[in-house]
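Next, two complexes with subunit A in common: one pairs it with subunit B, the other with subunit C.
Moving on, here comes the complex of A and B:
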């Protein structure tokens, strides 16, 4: 089993939000994660957003640094911040795993509230990304984030996880080009971002 | 028509003049001079020899009246601080069932090599007659306030006991439960017995207990200066012919924090004073000592048991932690961070209050029992037209 990285605190059929176990360290933007959705049923999703905010919405964060005590020193002199702040990340479900079989369809049920979110290791990323139908699900998700940057981050992250698989990246970039052909600006944003020379 | 600022401006100046007139400045100078030169022994003698108590609370100086001291820096290597505060849902007369909820926070902040924090609370529900009445008196208002202060101190001790030294316990508000002064012996005994036990516990474990009062309205030190000035009896104030009468009357309206503004520099404290409050007689020998401190933008009052005041290491550690916690709050005027978090952890917000009532109401419904609030309460909630 891979590492537990968070617990679900908001969940619906098309997105779920988890609280990260490590403050200020949500999983990488565009990375593939999974959550248990039932007995022998897992949801795969792509991290589309990360943020660190005050646990109590009525108490905003305020400046804590002092001359000579900033960055890490702020946390050393304010141990309470670990309890007053939390890091959350939003995941767009793009597939599932049931009975050992990977599907690039959305699961019938959203993952349950308070269930765990796990990182995916390179082998699992390799198996899931073998087919790329899920890129369409990702590109058309209805979320309040610039999806072209999520797509670009996902392509680069997966390319690295697959051992710098150039052939995979090329195919994936072509598929994204097909998906975004109506919107040249967004397409260029993805293509520039994934260019290994960029 | 916009506001005519030119018509208002001269009045703003007059308004400010009214706040700091020449006379006040002159009398403040005289009061501060008196603070420097007044004879502390004479004040103590007068307080001790007097048969009946003064009609005001008077600071009884342990050494001097006007000496000030820098608070020494904390030893390197960090410290742990425990803090507690409280909030409650009082018994509701309009409810068909009487209960009271107490919530005492337990906050720990640890600094040094392994910084750590723990923010939590102890929640309790009181519903038996034995709990809702103290020696026949209903647990509400001032009695509930005193009960909270006692429980907060008990929880604070329990929290502080688990900490490694150097450790300090911070309490919010006064340690002088003056409201219990006029309570019946039975009420006082029942509430003060656990309070005394908690004070015993801090002493037994040598945990410096510091009670922090922000923006104090006390006049104890000003009143000590009045005692120093007075050559007659305070019962004769109305017929007093002394030349010092104007200054004495001014001191009677002045607050200690106003007297000390500018006398203390940041991170300085006054000398130590004993309270003459009668209720302390029932503290089982635990006298309460206090001083004032400039915490950087505010003169705060810090109260402590006598043993802390007499143990230089405990006193300096306690006051140093108070100052450091103020600096960590990042606010001006500051407030100790641990107490701020203790307040946040103790608060029972309006949503939680409603949840508790819904839980009680739901349990009544589950058992098929009627839950009918008073007609008056119902009319206030419904507000039909």
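Moving on, here comes the complex of A and C:
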């Protein structure tokens, strides 16, 4: 079993939000994660957003550093920050795993509240990304984030996880190009970002 | 045999052709306009010609502001998606896909129809695949060299495999070989003539005004090539107008052609009005002369002294000055050494008989190679030959016996626009042959570098057209007179290289095809030339002449 990295604190059919176990360390943008959705049922998703905010929305974070005591020193001298702040990340579900079979369809049910989110290891990423139909789901998700950057981050991250698989990257880039061909500025943003030759 | 996929059909119509989205990775530069391709529909396989290539973008911003500083990666990805290419292919023939998959059936038939290839009647649905044609596709459509009367004319532009011409079909209708200077017109004509002689599909009569066919000529590569006489020996008889030419070593001639003034008819002279400088009234004068003297009109006119001339004018009411002018002009003809006052028809009959017996005749002009010589002699000889073929056809029509069927005859004329220009095409014997002589088994092969000078009615009668590159838009139009799918073919014609590339359209090929004509060289000569047997060439020749003419 891979590492547990968070717990779901908001969930619906098209996105879920989890709180990271490590403050300031949400999983990488664009990385593939999975959430348990029931017995032998998993939801795969791509990390589309990460943030660290005050636990109490009414009390925003404020400056804590002093001359000579900043960055890590702030946390060392204010151990209570671990409890006043939390790190959350948003995941766009793109597929599921049921009975050992991967499908690139959205799950019937959103993952349950307070269930765990896990990182995926390289093997699993390799298996899931073998087919790339999920890129379409990702590219058309209705979320308030610039999706071209999520796509770019996902392509680069997966390329690395697959052992710098250039053939995969080129095919995936072609598919993204097909999806974004009506909007060349967004397309070029992705292509320049993922270009392994740049 | 696996065929390389190039793209998928995404749009199109029966009239305009199919629009194909090229696959990412398939570059427009890999494809050539006019090339032969295959679209695989569900029921049918379509044999197509590439008519056009187009570049498209999915977003107008790519046109307004082309992105800079691409890495190869970005440009590869873009070129398969946001920037892409379309090909327009024109289906020409189709065949049930089940038959395409069956090589035995596919290659069994002798004609494309027997192989299951039919003219195109429908178009495939969306996403039918466009693939490169393979060897089997070429063989299915164009036949292979082992089929009856199939002659390898050359190779497709991008592949090394034989493209065949059906020579029997080629001879069924008049044909044209066009192209600007240096495109290889006369070598292509030589190839075809050699093929016809080798396959014995009919007789040929060649007016060799430039001296290229009988004894060969120097090629562009400065190599002396063999002529048809060298290749085929006694199958080919050379008649020359120039007696001095007949005795040169390595240039065997079978006879010296002379013509009598009594054989020259008014139409021969009128045809040469321009060359002789005749006035518009000349026709009337000649008419009066013919009324008076019959077939001797020309010799009498030439011999007339001043008194006799005035006497004639008085009697006939002709204008004396005009007749004098006519006499002056026609003396140019009489001065030719091959023109005699009177000749019987033996020599012309010999030629006609030889053609009937399956020989091939080349008329060699030697030093008499002016347009005037050419027009006079070819018109005169052709008229005699044509007359014989008309008689034969009439005989055959009555008897209906296969033995009486006239042997197909093809007459090769260079500088065809001289005989077939719109002003005179309706009057010359060549115009008649081009228009209606198919039913008498006589056809023309016209060779010209300016097809636009040829009467459009004649052009539209041409069965097979073989054309090299043409620069003038009017010439391109002329070559394609009366051909369907002209816009696609115009592109195919315009895209030919100056040298060694020809477009073949029409009766002798199932669909238009661009070819590189094969080399007219040692290997070809070896392939076509007949074994001369035990007799030395000259002796054998003499013997055949004896057999043929009983002399």
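Definition applied: the second predicted complex is superposed on the first by the 196 of 198 C-alpha atoms of A that agree within 3 Å, B and C clash if a C-alpha of one lies under 4 Å from a C-alpha of the other, contacts with A are read in each partner's own complex, and residues count from 1 in each chain.
The criterion applied here is as follows: a contact is a pair of C-beta atoms (placed from the backbone, for glycine too) under 8 Å apart; a residue touches a chain by one contact, two chains touch by 3 or more.
Treat the numbers as computed from the prediction; the structure is a model and nothing was measured.
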Exercise. In the superposed arrangement, which partner chain does A:187 touch: subunit B (first), subunit C (second), both, or neither?
Worked result: second
Problem set entry | Touching partner for A:64 - first (subunit B), second (subunit C), both, neither | first
For this session: Figure out whether A:178 sits in contact with subunit B (first) or subunit C (second), or with both, or with neither.
Result: second
Exercise. Thinking of the overlay built on chain A, is A:80 touched by subunit B (first), by subunit C (second), by both, or by neither?
Worked result: first
For this session: Could you say whether A:170 touches subunit B, subunit C, both of them, or neither, answering first, second, both or neither?
Result: second
Exercise. Which of the two partners, first being subunit B and second being subunit C, lies in contact with A:144: first, second, both, or neither?
Worked result: neither
For this session: Using the superposition described at the top, list the residues of subunit A that contact subunit B and also contact subunit C.
Result: none
For this session: Spell out the residues on subunit B that touch subunit A in their complex, using ranges where they run on.
Result: 107, 109-111, 115-119, 327-328, 330, 337, 341, 344
Problem set entry | Residues of subunit A touching subunit C in the complex | 170, 173-174, 177-178, 181-185, 187-188, 191-192, 195-198
Seminar exercise, completed: Residue set of subunit A touching subunit B in the complex reads 56, 59, 62-64, 66, 75-84
For this session: Spell out the residues on subunit C that touch subunit A in their complex, using ranges where they run on.
Result: 24, 58-59, 61-62, 67, 71-74, 76-78, 80-82
